[in-house]
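I have placed the structure first, in the form of structure tokens, so that the comments after it can refer back to it.
Chain nomenclature is as follows: A, B, C, D, E and F, assigned in order of appearance, with residue numbering initiated at 1 for each chain independently.
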């Protein structure tokens, strides 16, 4: 993987997130460094940095997809946090998750909402601490 | 189901779509009329008409989720068409679908893109006809 | 695979279904005969012939699961037909499918209902022919 | 959402469950109150209270679907508990879960059975306490 | 996307397949050229060309995964064809698909086997033509 | 279920695994003994003991499928452990998991890699203890 793509992805990640990005990078680091590198280079360097769609819509789309799939709770929480970091409101995130009840069923939406509550609570406690 | 919710959903549907909505209503009609009614009342009357998130973001979120799930090609095409009807550009739809390669894999994204191509082509031919 | 289990499965299948069973066996025959044998022996010989749950509840449970998964339309139609063969009413099948809107979303339920309509129509035409 | 549908759903829920319903309502309450309301109104008020299928078959169908999907362990345990509350036997629940090995594979069935064991154990301990 | 990665992916693709690769490239071409490029560059340039696992094992793993997911029949057929192109035998492919009955259920395995039959038949007819 | 199939499955399991098999059998024992028996008889007695595909390829295929599905983390860890037991290298397992980023998305691959890390660490600590 070219260093250029990785650095572009890293810059994209850092531009987007706050504390959640550092936490995500630490989690990624603990894994296969090759997969970490690919994730940063492809997801953030190649795809999310593309023009043509604003970051807020991109994060809401990811929150929608991960809520619907229901198989990646860790990543769902990370992307809810990133959605907040790029300027989505808590209400917008809640609306997208509620909407998934229509397309993926109520259990998926309820689990998505539980993830959002956890992220919101973590942020509130961080601010209060 | 209350007539009020159904009518609210129908109004929402008609406000959103063009020809695709009529096609969808015809398809729904052919099925259990109870399920048709619930779909209109719940999906469009209760959820999509909620304030707090604009219709463009809602449709992009649905396109993302249905592309990621990969189990509802008919509905995916209908929502790509509705996304266009509420003002999303073809490029925005393509971007959301490409992004799903990251979160649900390349086959999901490729199948989503094939669906989009089909919808776009249908519109182009319709306009030319 | 023991002939005994296969024959037990075959007897179970024949006791359950009508024309749909023969169609299913023909379809199975066209595939790997080992997988055909396993399907008959395990699904029908080992599992569906177990006491402890009546066949009507078993078929409704399968219709529910295949509707929710959304990945096996051929098998869903076969099991809707079998559900009718073991005495489920069309209304019961419709209810189970509508219920899946709650647990797996409206697209899954709408596709399940389309499958049921197709099976019902096929039976109506068969009877009229 | 109309108060009437919500109250109908609540009445349905209370008629069905025992302690599990209260636990579920508490869990729901902790989330978006809008989503809570929709769940009660739609799932219990609109769908599960429909005539045409008995509650025992409905709960077995839901246990089947959630076992097959494998993405909603909290809701699966709640519905196993509700299945018991509406009169399903432990053996019937076990049979439905075993049957899912055929339609969704052994890991799904094994995880479903682990959920059932947990619910059964919780009830046994509750009774003994 | 760098031309180098794309060309590496293309070389990998061409080294692997026979006619199926050309068919796949044509199919890809018909879609978003950006997504085509990413697929070639990432899937074939970055991942499948990595040392550490032979191509036969890689293709069998992909056949296993796509059979289990059950959401990408077009890609499943393409990868069954590629598995043959890199030296897997028809029996090995059948065994992997049969094995998926254990991990993803019989409908997934039966649909996977139907896909394999179709690919095998296409090759037999091609040879005879 | 015939004792012969169960014993064949048990022999296959014991031939494959080391400590992980005993842990798996204990876990299975805690569940419905009928489902335990079926798992051993069908998965190990009928399927995995078939000639036509070596055990290393079989385990890599299962790791691929369970990583892609993302719904069975307990079983994924067990099969990563079994893959090591039948002679797969850690690198081969990592490669299969990385490859799943292409076919099922990065979250699935990242969660699969986290499972592998956990299994590898458990083995390293066991050896050191």
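One rule holds in what follows: a residue touches a chain if its C-beta (ideal position, glycine included) is under 8 Å from a C-beta of that chain, and two chains touch if they have at least 3 such contacts.
Predicted model only: the values in this text are computed from it and were never measured.
Engineer: Using the touch definition from the top, list the chains contacting both subunit C and subunit E.
Structural biologist: Correct list: A, B, D, F.
Engineer: Looking at where subunit C touches subunit D, is over half of the residue numbers used by both copies, so same, or under half, so different?
Structural biologist: same
Engineer: Averaging each chain's C-alpha atoms to get its centre, pick out the one most distant from subunit F.
Structural biologist: B
Engineer: For the interface formed by B-C, which of the candidate pairs C-E, E-F or C-D is equivalent, sharing more than half of the contact pairs by residue number?
Structural biologist: C-E
Engineer: What angle of turn lays subunit A on top of subunit F when you fit their CA atoms, given in steps of 5 degrees?
Structural biologist: 120
Engineer: Average the CA atoms of each chain to get its centre, and name the chain whose centre is farthest from that of subunit D.
Structural biologist: Between subunit D and the rest, the longest centre separation is with E.
Engineer: Report the inter-chain centroid distance for subunit D and subunit E in whole angstrom, where each centroid is the mean of the CA atoms.
Structural biologist: Spacing between the chain centres: roughly 40 Å.
Engineer: Please work out the Cα centroid separation of subunit A and subunit E, and write it as a whole number of Å.
Structural biologist: It comes to 30 Å between the two C-alpha centres.
Engineer: When the centre of a chain is set as the mean of its C-alpha atoms, what distance in Å lies between subunit D and subunit F?
Structural biologist: 30
Engineer: Enumerate the residues of subunit F that touch no fewer than two other chains.
Structural biologist: 38, 42-43, 47, 66, 68-69, 71-72, 75, 94, 98, 100-104, 106-108
Engineer: In the complex of these two chains, what residues of subunit B are touching subunit C?
Structural biologist: Spelled out, the residues of subunit B in touch with subunit C are 28, 30-32, 34-35, 38-39, 42-43, 66, 69, 71-72, 74-75.
Engineer: Can you check the complex and tell me which residues of subunit F touch subunit B?
Structural biologist: 68, 100-108
Engineer: Within the complex, which stretch of subunit F touches subunit C?
Structural biologist: Residue list for subunit F touching subunit C: 1-2, 4-5, 38, 42, 46-47.
Engineer: Under the definition above, what is the set of subunit D residues touching subunit F in their complex?
Structural biologist: Touching subunit F: residues 69-71, 94, 97-98, 101, 106-111, 113-114, 117 of subunit D.
Engineer: Considering the complex alone, what residue numbers of subunit C touch subunit D?
Structural biologist: It comes out as residues 42-43, 47-48, 50, 52-53, 56-58, 60-69, 72, 75, 91-92, 94-96, 98-104.
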